[in-house]
Amino acid sequence: MRGLPSARFALGAALVCVPLVIALAGPLFAGEPGPRAASFTAGGGHWLGTDFVGRDVVRQVLLGGRSVVLVALSATALAYLVAVPLGLVCALTRRHWLEEVLMRPLDVLLAVPSLLMILLAAAAFPPGATGLALLVALVNIPDAARVVRASAAEAASRPAVEALRMQGESWWRTAVGHVGRSVARPLCADAGVRLTGALYLVATAAFLGIGVAPDAADWAVMVDRNRTGLFVQPWAVVVPALLVVALTTGCNLLVDAALGARRGTSRPGAARDVLASDQVKERRL
Amino acid sequence: MSGLGSWVARRLLLGCVQTVAVVLLVFGLTEALPGDAAVALAGDQPDPARIAALREAMELDRPAHERFADWAAGLPRGDLGHSLASGRPVSSYLSGAFGPSLLLAALTVVPLVPLGVGLGVLAARFEDRWVDRLVSAVTLGVYAVPEFALGVLLVTVFALRLDWLPPTAVGYGTDLLGHPAALVLPVLVLLARPVCSLSRLVRAGMIDALASPYVAQARRYGIPDARVRYAHALPNAVAPAAQQLARTVDWLLCGVIVVEALFVIPGLGTVLMDAVAERDVPVVQGLAVVFGVVTVVLNLGADLVAHRFAPRTEVAA
Amino acid sequence: GGSRGDSGGASGGGTPRRGGRLRAAFAGGGAGETLDPHRASLFADVARAKALYDKLADYGDDLSARPRLASSWEARPGLDRWKVSLRRAEFHDGRPVTARDVLYSYRRIADPAGAFRAKASLEPVDLDASRAVDARTVEFVLKRPTAEFPNVLASFGAYIVPEGARDLDRAPVGSGPFRLVSFAPGRTAVLRRNDDYWDGAPYLDELEFLVADEESARVNALLGGQVEYAHELNPATARAHEGRGRIEIVRLRNSAMQAFAMKTDRAPFDDPRVRRAFFLIADRQELVDGALSGAGVVGNDLFGKGCEFYADDLPQRTQDLDRARSLLEEAGASDLRVTLDTSSVAAGFTEAAGIFRDQAAGAGVTVEVRTGGKDSYWADVLDSGTLCCYRSGAMPIESHISQRLLTDSTTNATKWAHKDFDALYRQAQATKDDEERAALFGRMQRRLYAEGGFLVWGFADWIIGTAPSVRGVDRKAPANTLDWVRFDKVWLA
Amino acid sequence: MSGSETAPGAVAEIEGLTVSVGGRRILDGVSLRVRPGRVTALVGPSGSGKTTTGRALLGEFPAGALVSGTVRVGGERVGHVPSGPVPVGPAPVRGGPARGTAARGAPVGHVPQDPAAVLNPVRRVGALLHDIALGQVRGLPRRARRQAARARVLEAMAAAQLPDGAALVGRFPHQLSGGQQQRIVLAQALLLGARVVVADEPTTGQDALTRRRVVEELAAVAARGIGVVLLSHDLAAVRALADEVLVLRDGRVVERGPAQRVLRSPATSGTRELPPVKLALTRDTAFGAPRPDVVLRVRDLHARHPDGSEVLHVPDLALRGGECLAVLGRSGSGKTTLARCLAGLHRTYDGQVLLGPVVLPRSLRDRDRRQLAAVQYVFQDARASFDERRPLRDQVARTAVRLRGVPARDARAEASAMLGALGLSTVSADRCPGGLSGGELQRAALARALLARPRVLVCDEVTAGLDTDTRRDTLDLLDGLLRTRGDMSLVLVTHDLVAARFASRVAVLDAGEVVEQGSSAEVLTAPRHPLTAALVAASKAVPVPDAIPGPAGSSCRASEAGSA
């Protein structure tokens, strides 16, 4: 790796690794479900106690990563898959009507409380992980599209974009390859926090009966459902919450590190960094 | 500026259309939900005869479009209709809940902007050094903590252990201003996540701006550091942050359900929850009008800001 | 009189002391809350109604009717005419409570336009034929013999309001222990002691009902000294604070039946062997420990543990998967798949569904849990689906049967329709002798135990938290009975 | 400020500065001394390291550069130097809280080659000026400060040849012409009152009249005791201003000494080609070979800006096949606007632009590939027109891929060839734009447009940042293309009257109006409009304050005159 801001990178990697490994490998080690104990008890062979329905928290934690990683990540990715082109179209178009046609309906969606949306989905969707990912994505699209548009508007009107157009460059390359890349940093920052939001939306939805089961082994659902026992058996909330925190924090730190590294290497001539020679060497390792 | 003026006018006009769309959509959604006010009121005694009687009493047996038309006809007179559940005017629901929501939103936004911007600027200024790492890690960590957990934590520590602040605002009703101490914890909980997202957006924008030649020029020319950061670099990070801020205010005004429930603050979120649970369509519609207007106005504001901070867009070919 | 229920289980001892203001936090119904006692449906509504109004009778701890505004009742031999005498009592505006008020109240409830909840309970009464014999005597004419008529007088929501009262939501005038001072729907109601209360003036000067929907908010408010009484706490919360001295935990036993309701009129549950197999699948202790967090007792597939006429001589059912499996095989349903409807409408529902799903897997039954919206859950599961989570508050066994288990019952969630069973019920209602009646109820319950549609796996505690200074809170009365949320007997030490 | 380390009398000093990036030495042992009140000029071919040297005085170096040597400003070390202590100066030492503090002691004024880059796109141009001025009026009572600051700003703008400053301070950078942007940045430097001003090509992009005034102003700056470092290809300006001249070639100082000596008698091979402008010698005919057919026609064009102001009115203008049309005019007169209208980059206009018989869509987004390829535009601000994250050659090659359907591989080869013909090595072309000099980028921008094989090539100041040799080569190349590719015509937006002389026709713009149009010979030798006359006069008579006697000065003028 070329001179990534190593400390941040290492921290991010470490933070991501723990939850990711548990999420991916956990189910292999979970084993068969043991008999249920009373809910929210500690001890009795349960390292981390039992959860709200008397299951072993360790086992639930081992099982609960996959859906988090899959649903939340895919929902966030999906939201951006739609929001980025949409936001970029609006930032790049000179046709006001097109922008209005695309953005105003999204504003309408924004004004509808997400609770109502989720309730409706609960009634209309057959519960399923895909449906849930779609729903979480849908709730996030209007918001994400606005952020994309706002950050891209300036970049989209620079002479470099005019030059690309003059070259007959395809819309996709201009928008995503150039404008998108120039605003990658705010977008990544936004996506990072949105991932966290998506996680907990999944949990809320689960409670209302959409997507994963309300007693599913899922970290976000665990955090939500075990909260009543917070004072009796905190581990059932604290451990999955810490894993979620580690996952999202780690993701964000990694993205930050990657962006920092990109800036260091990809704009070599920006001629604004004063570097001691030894620093230079370190950077070029 | 005539271009801008007509743009705003057009957006406001569109805003009216949008609000109508929001109301229609919300009406449709609420109607589409299984059950109606009669079923909801019947609760665990779903005696079919009684439900039928309730339906008749609430005029729910009339077609949806007729009820909607009736409700809409009252709008020009400022009449938002009457609640199905209690028969009280919807406007009394809204006016009662809007105060607390507005107060909370205002109290949250006032420190939110300086805090979010300040932290973002601070992190960007010390990019990749321990300050930044600390700010980044803390903001991300806090953001990943669900609201209820943060609320419970704060209440446990500051209200129940240390006894510095009241744990809830129960019993204070709408007179929250009379009990400022009760607002501290809810505002802190409300602040936590928006501060994080705002500061991350500001940080991201600032890092690019601080590395730009125009900031280097301002520095070189001896402009005080703070002024360089806030007056010259920050504006470049404003556009996405303004969007985020608008969304936050929207969220604050249109339903901070968890915090309202946790601290017993009778705001719009609670009213919405109850009204949806009761399928109290007129109340939900009244709320939709409020939410529609709030969203339209906030989005317009955010777009104006974004427009101002991307002045070059006006000349795009 | 039935006002002595508090003597036994008052929380803390000492002589009652007058004065003070008690703040009680309840989960509420938002801005749609009402003061109209006939519209009351939430616990908060009922608690307020109870403080402002009286019924003619109310339920004792064993769910038998105790006289309240009625000082006594007496049936004609045919059990279809009942004479009820009223005690001397006054409304808050000084008018005496009369037979005319009683008839006005009941007619108001029965008015179809009002669609009041208690209308169904008053169904046996022929209100047109009933009359006021004198100022303090009412003669009720019934449509058929009803031995348990006092239960009707005690039924949920059958409050007595002054004749002609219309604007009950804004200006409530009752005969209850407290008078209204102010009311803000969804937030607060302030009440003051009614010094002229017939059952002895309350000890408290003032009573304030506060609304806090979130359980943790009620607990926090209680812990933080913002309220003195918090209604409806979680078992986990109770465990966290029980015996710590900061707050008192009051567990009201047998308050809520927890069950799975099988629709007996459709496959696969139209086969009694399948129902019996399901009875044997349930590990009730695991359900109580898991879904109720241990705050409750196991059930025996019968409603009304602790109630009058409850058949507690029947053996406690336990899990027997082998037997269940063979029963299913017999019924030709070895690879059975059923959908279990649940919802977050009541505490423990989704949990119980998950636990039962796992238990059923042990018997080779695949249970698919379907989580539905909570606002229309009860109406949804009344007619559709085959298996659902069910719960019921305390009520006399007779009411349970009449509301849920007769061919013409309005909320027959198990679709239990058997002419002979209906006949047994009618026979019981026509039997004046208590013992004979008990025997008849026993027969009905044995039938239900053997092949009924309710898999009653537990009875949940109702948990209340109070400040240590609060005394006089009854510890035995199940929710919905007379001594539950009875603030006129509570005092502050 | 000890000053002890600085050589006596020097306000800034570079000693043995070597900068290498990626193994290539872009500066090699450069030493330089800036004395108060003196003008030190750096000249040399494009890419020779002038800008790099200038930036070193600001403490800035290319990212990833290995640097050795010393840079001192006002006695303080600047930057990194191996043994050096704290990096000081305005250099953005990452995250350093102390950054900029030392800069306040010894700020260095900087007028960069690409002024747009240092103008904040989201702030009005007056903002920074005002902030600088505020720092200088701290002594005044609070109320008077604004007033005083404003007065200073306007004064500085006037000094930087922006007399209508009041109207311009409220504009955003993109609302200014290239020359106006440059003068705004110059005004910043003037306002700053720095002890050292690094002026990187301050006269490019300015018309002859303005250029003369700018030169006068820089002379006045020096007269105030400020050390000026002038990096320029504009030998006339150098001659007029410089006290000492350093000639750079491939990062090495090949010649240094008093201006008169260096410019007159080249001592080394480095300056061999320097003084004489050889254009005159190589060319005796006009550019291209005009044919009678009209390729491009502008009809009744009224161009507005979004704020509603009309900035351009062209009743009729025709471009014939194979011809070169030069567009002249003062800075801010609307030349770029005209060029952008042709290119489809400025669409708020009434009237028509016809390509042959076809009306071109206003916006280039509505033009099809053939139309796009047919009219190509070379941006005035070349640096801003490139994506800073992609290697230059890739960007250039895309034109051929997109507009001519050439396979990617061939396109890259073609791009290399074209860049090579313009004097850009493959090595530099494989860098990102940040790694190239201003002149190099300008040529790359030209190459990018040429790869489209356009029928009309609109060049906006393509030669402005080039040294004489490169400029000549570039013009030669264009001329060659005009001749060999019979279907190409050229619109040359320029302040360079020498170049304009080789155009077949000339159009002169003044305040958005075409005031004169005709064959170049006519217009430039016998101008009818007073503005044209003034421009011609000004370009001929570059002011020579303390006249540099001898053949050096005359040779330049003679050659220019001779070409007419």
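Should a chain be cited, it is by its letter among A, B, C and D, assigned in written order, with residues numbered from 1 in that chain.
FYI, a contact is a pair of C-beta atoms (placed from the backbone, for glycine too) under 8 Å apart; a residue touches a chain by one contact, two chains touch by 3 or more.
What you are looking at is a predicted structure, and each value in this text was computed from that prediction instead of being measured.
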So using the touch definition from the top, which pair is joined by more C-beta contacts, A-D or B-C? B-C
So how far apart, in whole Å, are chain A and chain D when each is placed at the average of its C-alpha atoms? 46
Whole-Å gap separating chain B and chain C, where each centre is the average of the chain's CA atoms: 40
Just give me the whole-number Å value for how far the CA centre of chain A lies from that of chain B. 21
Can you give the whole-Å distance between the Cα centres of chain A and chain C? 46
Multi-chain contact sites of chain A, meaning residues that touch two or more partners: 94, 119, 123, 154, 158, 162, 165, 227, 230, 270, 272
Give me the residues of chain C that touch two or more other chains. 216, 372-373
Going through chain D residue by residue, note those that touch at least 2 other chains and give them in order. 60, 92, 94, 121-122, 344-345, 347, 363-365
Hey, which chains are touching each other here? A-B, A-C, A-D, B-C, B-D
Going by the contact rule at the top, pick out the chain A residues touching chain B in the complex. 5, 7-8, 11, 91, 94, 96, 100, 104-105, 107-108, 110-113, 115-117, 119-120, 123-124, 143, 146-147, 149-151, 153-154, 156-158, 162, 165, 185-186, 188-190, 192-193, 196, 199-200, 203, 223-224, 227, 230, 237, 241, 244-245, 247-249, 252-253, 256, 260, 263, 270, 272
The chain A residues in contact with chain D across the complex are 94, 154, 158-160, 162-170, 178, 181-182, 264, 266-277, 280, 283-284
Going by the contact rule set out above, which residues of chain B touch chain A in the complex? 7, 14, 17-19, 21-22, 25-26, 29-30, 32-34, 127-128, 133, 136-137, 140-141, 143-146, 148-149, 152, 196-197, 200-201, 203-205, 207-208, 211, 213, 216, 236-237, 239-240, 242-244, 247, 250, 254-255, 257, 272-273, 276, 284, 287-288, 291-292, 294-296, 299, 302-303, 306-307, 309-310, 312-313, 315-317
Chain A partner, complex, touching residues on chain D are 21, 55, 59-68, 79-80, 82, 87, 91-94, 121-122, 343-345, 347, 363-365, 369, 372-373, 376-377, 379, 381, 384-389, 398-399, 402-403, 431-436, 445, 448-449, 452
Inside the complex, what are the residues of chain D that reach chain B? 58, 60, 90, 92, 94-95, 97, 99-100, 103-104, 107-110, 112, 117-123, 127-128, 131-132, 135, 172, 174, 185, 188, 192, 305-308, 340, 344-347, 363-365
